[in-house]
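Each structure below is given as structure tokens.
Consider the two complexes below, in which subunit A is the common component and subunit B and subunit C are the respective partners.
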Partner chain A sequence: MSADTAVSESRTAGLTARFGNWTVAIIAVTIVVLIIAAATVNNFGTSQNFGFLVLDLLPIALVALPMTLVIVTGEIDLSVASTLGLSSAVMGSLWNSNQPIETIIPICLLLGAVLGAVNGFFVTVLGLPSLAVTIGTLALYRGLAFVVLGDSAVADFPAVYTDWVTGNIAGTPIPNVLLIIVALAVVFGVVLHATPIGRAVFAVGASEQAARFAGVRPGRLKFWLYVVSGLVAGLAGVLWTLRYSSARADNGAGLELAVVAAVLLGGVSIFGGKGALPGVIAGVLLLASLQNALRLSDVSNEALNVVTGVLLIVSVLAPNLANAVRGSVQRRRHRTTNPL
Partner chain B sequence: MTAAPTRADSTSSAVKLPAVVARRSTLDLVLRARELGIVLALAALVAVTAISNPRFLSSQSIRDILLGTAILAVLAVGQAVVVITRNIDLSVGSVLGLSAFTVGTLLRDNPGLPVVVALLIGAGVGGACGAVNGVLVRYGNVPALVVTLGTLYVVRGITYFWAGGQQINADELPAGFLDFGNATLLGIPYLVLIALLVLVITGVVLRNYRVGRELYAMGSSPQAARLAGISVGRRTIGAFGVSGALAGLAGVLFAARFGTIDAAAGTGYELNVVAAVVVGGVAVFGGSGSVWGAALGALLLTTIASSLAVLEINQFWQQAIVGGLILLAIGADRLVAARVAASLKKRGSHVS
Partner chain C sequence: MSIRFSRRLAVPLSTVAVVSLALTACGGGTTKSSTANEATAAPSSTGSAKADPNAPLKEGLKIAYLPKQLNNPYTDVEVGGGKVAVGELKGEYKLVGPNDASASSQVSYINTLIQQQQDVIAVAANDPNAVCPSLNQARKAGIKVVAFDSDASKSCRDVFINQATTQGIGESLVKMASELAGGSGEIAVLSATPNATNQNSWIAVMKTELAKPENAKLKLVKIAYGNDDDQKSFTEAQGLLQSYPNLKVIVSPTTVGIAAASRYVSASAYKGKVAITGLGLPNQMRQYVKDSTVKKFALWNPADIGYLAAYAGAALKSGQITGAEGEKFKAGKLGDYTVGADGEIVLGPPTEFTAANIDQFNF
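Up next, the complex of A and B:
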């Protein structure tokens, strides 16, 4: 087993140069899909649809950024969509009790961070498996969202805010929220790829023990990643609420699937230690534009889930299949050169 | 053989035998404590609810709880089999929906179809879905979480695609099938009898048969299990097949109980099922727990749901309680595991 991986690793460098790595591949696929969609799907290439596309991918893109770091450390956070929902429900409930929106928004962000800290506490302090913990908080946070708001909806948020979220930068077809996405993507990209924190994230994902010996404190790192994940999910909840001008307890239900799918599609290894943020951005864009194009072609929302589900499975299956094929090719080559 | 799986990695079993015996009795004690804990919690819950509202103990109310438990327990038994092998199957709710809709459509178009055939078809549909999960996990080298999260949405999407918004109503289903959902044998509903049958068979196979012990061995240490000559791949596919087949069977029970089936049937059930299994003491790390515990977990969750209704507590609390119970259960498992490990270390040093 270990000999196998050693061989394939020494080969990867050559293969990367020849075929391009997963990040390059996913970016290429995304561009091809965008071109095909623009050419074949009516209204896909319009500036109005560009605005919808960006608004649709907003929550996925935001939550996918911290999720990338969490998955690179070898953990997972399935509770993000429920955190989004609880943030939205609390926002609606506070708005109903006539709080000013300027205090509500910071409270919702803080709430998200606290919910993330709860995940982080269970995972790092108690040492419980993150999968089980975040399945538990997925149910808990969504349940609390329903406790807070029931099945009612809160609307009529101030137009200044809702208009800003759905509006464009003056005189351009570029949506305002794109600024948030780009700003956060740059921050997370720089942190992951150009700072000691990012290197610690990769080190913990590759081998927690080795990282500890190298002076990294894996527990503390993971705890703060969960806090950031919750904070960003809380922000996504606020933006979701403003975008639809509707706070509901079931806002964003099931979004964790799309986020995990986009991150894995972007080339992040579910086993941790590997991944790159540009690939994840491409993964988000690919997923969102496929869904957008299919929706324009009158495919129902539920059937769209098939596409997301298949993409999720394919994105984790493809690298393993490629490895298996590569391995068998190598073994054959090995056999022909060394006929032993 | 019965003692071997948990110690499959030991090379000199003769030397370590006392430790094995000690560990087994400690483990048994822990498991019994867990099951006893659930029974006590259940008793307390029933007592409190019944005191505040005696209607809770009416035969109709108990019947409802038992019918609800039957469906959840069948799902939980299948899930326990998968979790014991250190995997997870999140697709069970969607598989239940697909099976319920398939069987509902077949019965609507062929009213003469015997109930047994309907049960077998449901289990077959589910088993096929489960086998797909197993093959993807086994040959794709992909974590079960990711595969079954994907198939959760794929299977649900297929059901929506097929149903296209249509709904099968009770008056379209043959009377014989609906009777099966209501009829009893010696006062026990058929659905409960089927769940008990599934529970006993799976429980005995897991406890006393080679196949069952191999599943525990895989969950304790997949590598050691492979070295011990267990065909891990085939057993993995088998475990997912069983989970899928039982989810399919639960789909038929669902159709028989409710009579109304649309593409959304069973949405979100996976959370309750995972909660039942985890609360019932099946460790998410695999290798320990029993289907009896899982079934008790299902009974506890169903009872909580109906006592919330009886106590007139906001029904929306239910999901939050499910989440809280999952966290409580895995936290308790961790504490117990740490204690057991510490006491084993002490004993181990005496033995050697």
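Up next, the complex of A and C:
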């Protein structure tokens, strides 16, 4: 064995140890899919298509970041798409009432945080199951969005802002919004994998009881995770509105399922305690680029849905299968090395 | 378990609030009224080029249809007409579209069509503004944009195929309603989605027509929205009849709505008492006309819209027209057309369908 392979093997082993097998696998699959798509699908690899791809995955990528932390603690937030919609509706309504956009955007972010705090209150203070609470607020926030903006659409947002969201960094093919995605991904990645908060998130997900004995306050942690989840969903609402130059109460409807799908595909356990942010980023990218490539190849929408569904099932099934296989291999090895 | 306002998070949150207040206080913000005068910049593709009415129609054009949503019977007929025309033009026909009638998913499809370097995109916009930036990107890439059925903003398409003038349809809806109500009584409208461009402009004309003295005895009591969903439209029709027992006519200017309302009325005690009219597809409405639930309804031939869109797109791409008022082009079997104000091309007057003529139409 040469020194090189030894090093790369130990490096892979380090990555695997840090993030788990599935994370490494999903990143590898994503890279392979990107290479195959760039080689075989016409126009997939163009810089313009890269821009379209980034814009399409923008809301999913943003909302998936806090969602990862929420799911790792063993909870879920299904109200994110409705928070996005309500943020968009409020943005349109305030714009119509002639408020400056520089005030509207912070208000929408704050609104998102408050909506998240409502979820957090029900889940942590009243101790209700997050699935039930956020299905409730999914309907409630979407309903409020229609109360705020009704069925109308607000369209005339300032070109400076809408152009920035759909535009590129001057002189490069890199979309401006990629900066937001990268910045937030780094923040969430560092928090989850390199700070005491991140360790607390994993500890709570693994065992709330044990975490409490270790000095973590699970309720407080979860509450703030919901606030952050709402805040980011509010931001996604603002960006969505500017990207389509259209504030509507039905913006982002159904997005929560795409987000949860991407997070699970990224290797986060729906039961909590396990997961890694790089895997989630890969999951988001994999889903979005598959959709983009299949669409460019004239595959119908129905087939796109089938592909997404199959991928999700595989993502839930594969780690379990892998564990089962590894378990049986280890048992056999155990028998052979310890004949007694 | 207690929640204390964490000091670490309190600082950034309050900073955001203070900064935003400060920005507003300075009065330097960007508001709706401060941007109202900004001109919406349209690409110069139409301005510079000159129309050459004698330019030959190009062959082999890639013409893509992007309807509001796929798997809708009306849409199928529309794009079916388009397919025939693209065949006559010896072009390449393509049909793409979302399964839900949402604006955001249409944008992804427009982006895909740009990548595929189509020559013409024929689009029925779900939201006139949301599709705008990407349509303009398409036009910058040299793609001609023909809106049909439901218009995109004027600044982001080359021409719009108008199925009939808004005025003509609104008038004909009121005329049919008035005939069926015997000149007086309560009527209601069952529309599609509340922000469907075409529905709302027809309803606006209906309201103006109803305000005229000759229609003074007709009273529009309610506009209900069935969202172009069969189940919702059915329930809304049911609700209308329960809330307004004296209702004489339901006018539904959408094929999904009129079929759902007819299905409800034909199997209910209201049959024969309440008339249904509006815009419908002959094949969907045939049984209700035959069982006399529906006396008359109207529609243009949707296949002709798709057909005309292909010819208009080809004329644009070949340089025969640029979308300016007064330009003329030929549209195969439909004959000669002239581009009207704002790049509108009007298909022609709607056809009224009754028990006498419905069997002549198969779409």
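In this text, the second predicted complex is superposed on the first by the 298 of 340 C-alpha atoms of A that agree within 3 Å, B and C clash if a C-alpha of one lies under 4 Å from a C-alpha of the other, contacts with A are read in each partner's own complex, and residues count from 1 in each chain.
Methods note: contacts are C-beta pairs under 8 Å (C-beta built on N, C-alpha and C of every residue); 3 or more make two chains touch, one makes a residue touch a chain.
Small disclaimer: the values here were computed from a predicted structure and weren't measured.
**Student:** Could you say whether A:155 touches subunit B, subunit C, both of them, or neither, answering first, second, both or neither?
**Tutor:** second
**Student:** If we overlay the two complexes on their shared chain A, which of subunit B and subunit C does A:303 touch? Say first, second, both or neither.
**Tutor:** First partner only, subunit B.
**Student:** Mind telling me which of the two, subunit B or subunit C, contacts the most residues of subunit A?
**Tutor:** Ranking subunit B and subunit C by residues of subunit A touched puts C first.
**Student:** Applying the document's definition of touch, where does A:101 land relative to subunit B and subunit C: first, second, both, or neither?
**Tutor:** In the superposition, A:101 touches subunit C alone.
**Student:** Of the partners subunit B and subunit C, which touch A:244 in the superposed model: first, second, both, neither?
**Tutor:** A:244 sits against subunit C, while subunit B stays out of touch.
**Student:** Give me the intersection of subunit A's contacts with subunit B and its contacts with subunit C, in residue numbers.
**Tutor:** Comparing the two interfaces on subunit A, one with subunit B and one with subunit C, the shared residues are 127, 150-151, 300, 302.
**Student:** Subunit A touches which residues of subunit C in the complex?
**Tutor:** 1-4, 6, 9, 13, 16-17, 19-21, 23-24, 28-36, 38, 40-41, 70, 94, 96-99, 102-104, 107-109, 111-112, 114-117, 127-130, 132-133, 193-195, 225
**Student:** Give every residue of subunit B touching subunit A within the complex, in rising order.
**Tutor:** Spelled out, the residues of subunit B in touch with subunit A are 88, 136, 140-143, 145-147, 149-154, 156-158, 160-161, 263, 271, 274-275, 278, 284-285, 314, 316-324, 326-327, 330-331, 334.
**Student:** For a test of understanding, state which residues of subunit A touch subunit C in their complex under the given definition.
**Tutor:** 42-44, 46, 48-49, 52, 56, 95-96, 98-103, 105-107, 109-110, 113, 120-121, 124-125, 127, 150-153, 155-156, 158-162, 166, 217, 219-220, 223-224, 227, 240, 244-246, 248, 250-253, 292, 295-296, 298, 300-302
**Student:** Contact residues on subunit A for subunit B in the complex?
**Tutor:** Interface residues on the subunit A side: 76, 122, 126-129, 131-133, 135-144, 146-147, 150-151, 249, 254, 257, 260-261, 264, 270-271, 300, 302-310, 312-313, 316-317, 320-321, 324.
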